[in-house]
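What follows are several structures.
In the two complexes that follow, chain A is the common piece, with chain B as its partner first and chain C second.
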Partner chain A sequence: MASTSVSKGQILSLYRSLLRTARQFSDYNIREYTKRRTVDGFRQNRGLTEPSLISAAFSEGKSQLQVAERQAVVYSLYAPDIRSVMETNLKGKR
Partner chain B sequence: MASKLLASNLRRTLAKATASAPALRGFSTSAAATASATATEPYEDPTGEIRMKGVKISARPLYLDMQATSPVDPRVLDAMLPYYIGRYGNPHSRTHVYGWESEQAVETARSQVAELIGASPKEIIFTSGATESNNISVKGVMKFYKEKKRHVITTQTEHKCVLDSCRHLQQEGFDITYLPVGADGLVDLEKLRAAIRPDTGLVSVMAVNNEIGVIQPMEEIGQICKEFKIPFHTDAAQALGKIPVNVDKWNVSLMSLSGHKIYGPKGIGALYMRRRPRIRVEPQMNGGGQERGIRSGTVPTPLVVGMGAACELAAKEMEYDDKRISGLQERLLKGMRSKLDGIVVNGSEERRYAGNVNISFAYVEGESLLMGLKEVAVSSGSACTSASLEPSYVLRALGVDEDMAHTSIRFGIGRFTTEEEIDKAVELTVEQVEKLREMSPLYEMVKEGIDIKSIQWAQH
Partner chain C sequence: MALRAALIRHLRVPVQTLSPAGRVSQPSVANSLFGSIRFMSSHDDHLSKEDVADRVLSVVKSFPKVDPSKVTPDVHFQSDLGLDSLDNVEILMALEEEFKLEIPDKEADKIDSCKLAIEYIHNHPMAS
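On to the complex of A and B.
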């Protein structure tokens, strides 16, 4: 495990990157899930104090970010022309 | 089949052609050519509408049919894609790196699957899905031990593929006991015990029911099977990744698993086969001897990798998903019950998987309700029987009245379902049920206090 400790700035930056990538998903359900899972995951790990556990969680988050970045592109390549009923209704209300 | 497809395409081209007159000329030759050329034409037309089976919708319905199949998790797809691109080797090729890397990936996936069910990787056989695993289990075991064992015990609420495999055995002279279930959908353990005979070769009971979501008392059934030294098979396709599954706790000898019910790819499944004490089967597929001769045929590396990734993910996310899905189930039931009367949840309410909510709506015609719910993708029961208008055999086995069995809807909640979707589904269902009840003379009579069951319908 990496012995170098992870700074608060790095963690916040990872959090923001994950949320930014989540918003790029063209699929309604995947987009909402990625946002929700990011927020819940960080909230769950908020109480971690052990540096080795923090850096393990951090590198896990990093690899998840890479997966999300790749998949956001894949999803955008095959995005259906027609959106989910959940999105069209939101638009209709406004 | 192909000609049917062509004809339907032709019809569509014709409809389009009438809109623009010049295209009509020379139809018999050129249009036929375009028809075959546009055989893969997407059903989404540029105006932003879906036209299919006479239904026109302007948005994709919200998906609440997770028991039929689940969407592939992007993390699973991410693991699979490399094996669709550069790493295309046959995992059985022993002479080059393409084969070696594929074999390694398959073996990693085997351990991922084994890990989730508390088994050894050596006990996992990859198949095309739970249907194949069920076939190997039921037919394979009985045919292997046919000299001494001539009897199988199963339940009336099993999946079609187990029941049909049993039918097949019956034609070959085996005896089958189809155990009845209680009104809650659960097997009576005493009845199981009483059904056991000296020549009973297999007990097959599914863990989580696909239609109503009830969880059978697996540990207790496993204990009884152990006592009588009878192999125990379970179809755990709907249980894997959703409730804790452990082959030793349940004492199963065989277990069928599926990839696409746990956010993995379709076309892949696995069969757990106990090594100690060893269970043996007669292969249903013969050939190159892959998967230790139990299931010949090239192992599909990308699909296997996907199933492995889905299992690993399920192990990691089970607690999180379960908490969420339970919350959504509560939200759904609360929403329905606060606005509608005469709704019944089918199957035991305590012993059930939260993601499967099977509800009957009294005084409503089931098909009309499903047709009215165009914006919600749900089904009346299992996908396999959703084409027939007959009420589900599972609900009939529970003793659900004919009229209630006709009005059942299964709401399947999953990892990607949102609160907003549940609210929307409740809103649309309530709206539709109220509309249908308003038209129903039966509902009017019930409101006036007439007991429908006491009515003497005129005989013709």
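On to the complex of A and C.
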């Protein structure tokens, strides 16, 4: 299988898709974790120059995106009514 | 029940008295009132450019990697603020959340300065 090199646009598009999928989670913890993990993961691999490593990281990212999309659907089926305390806007700090 | 009856007795509803000729004696206050309120008109709903600019700047300033003192309406994300393309995407995500928009990928790739962001959001019909 001839591997075409991954372009910067594709990487940014994957990044954006992961962050958008993270927003769909109703659970605060999972949402924040997904955002944190994508930011950390992409930053960690930022300095890669070898095409094989880049495409390996890219395909790993794509499979993670598919996992996240599936889980977003599953979580939305059983979304809890109670929101996390981190999401409440406490006005008037003491 | 008694309270309700007392309340109804207490309320005075203005009643328009019809003169014998059949003309309504009250001037059409109602018409002028409703004339200034345009129901279901979204013409004035659009955000002003200063409003958009303020909110865009506050979002950019609250980004952890950005130095707030350097943020001006003309600032370029990558060349002036020293961010990279990943940060660019993150800032655009934050702007999407602030204005409840969905920016398509093609447009998002072009926005790389505050000026373009303010322009795009101002021209977007769904910005709120």
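What we mean here is this: the second predicted complex is superposed on the first by the 86 of 94 C-alpha atoms of A that agree within 3 Å, B and C clash if a C-alpha of one lies under 4 Å from a C-alpha of the other, contacts with A are read in each partner's own complex, and residues count from 1 in each chain.
Note that a residue touches a chain if its C-beta (ideal position, glycine included) is under 8 Å from a C-beta of that chain, and two chains touch if they have at least 3 such contacts.
This one's a predicted model, so the numbers in the text were calculated from it and none came from an experiment.
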**OP:** Could you tell me whether chain B and chain C fit or clash when both sit on chain A in the superposition?
**Re:** fit
Subject >> First, second, both or neither for A:Y33, with chain B first and chain C second >> reply: first
Original post:
Once the shared chain is lined up, is A:V67 touching chain B (first), chain C (second), both, or neither of them?
Top reply: first
Original post:
So, does A:Y75 touch the first partner chain B, the second partner chain C, both, or neither?
Top reply: first
**OP:** Mind telling me which of the two, chain B or chain C, contacts the most residues of chain A?
**Re:** B
Original post:
With the two structures laid over each other on chain A, which partner does A:S59 touch: chain B (first), chain C (second), both, or neither?
Top reply: neither
Original post:
Nearest CA pair across chain B and chain C in the overlay: distance in Å?
Top reply: 14
**OP:** Show which residues of chain A both chain B and chain C reach, each in its own complex.
**Re:** none
**OP:** Please give the residue numbers of chain B that touch chain A in the complex, ascending.
**Re:** 42, 44, 46, 48-50, 58-63, 71, 74-75, 77-78, 81, 320, 375, 415-418, 420-421, 424
**OP:** Flag every residue of chain C that touches chain A in the complex, lowest number first.
**Re:** 84-86, 89-90, 92-93, 97, 105, 108-109
**OP:** Can you check the complex and tell me which residues of chain A touch chain C?
**Re:** 8-9, 12-13, 15-16, 19-20, 23, 39, 42-43, 46
**OP:** Name, in rising order, each residue of chain A that touches chain B in their complex.
**Re:** 25, 29-30, 32-34, 37, 40, 64, 67-68, 70-71, 74-75, 80-89
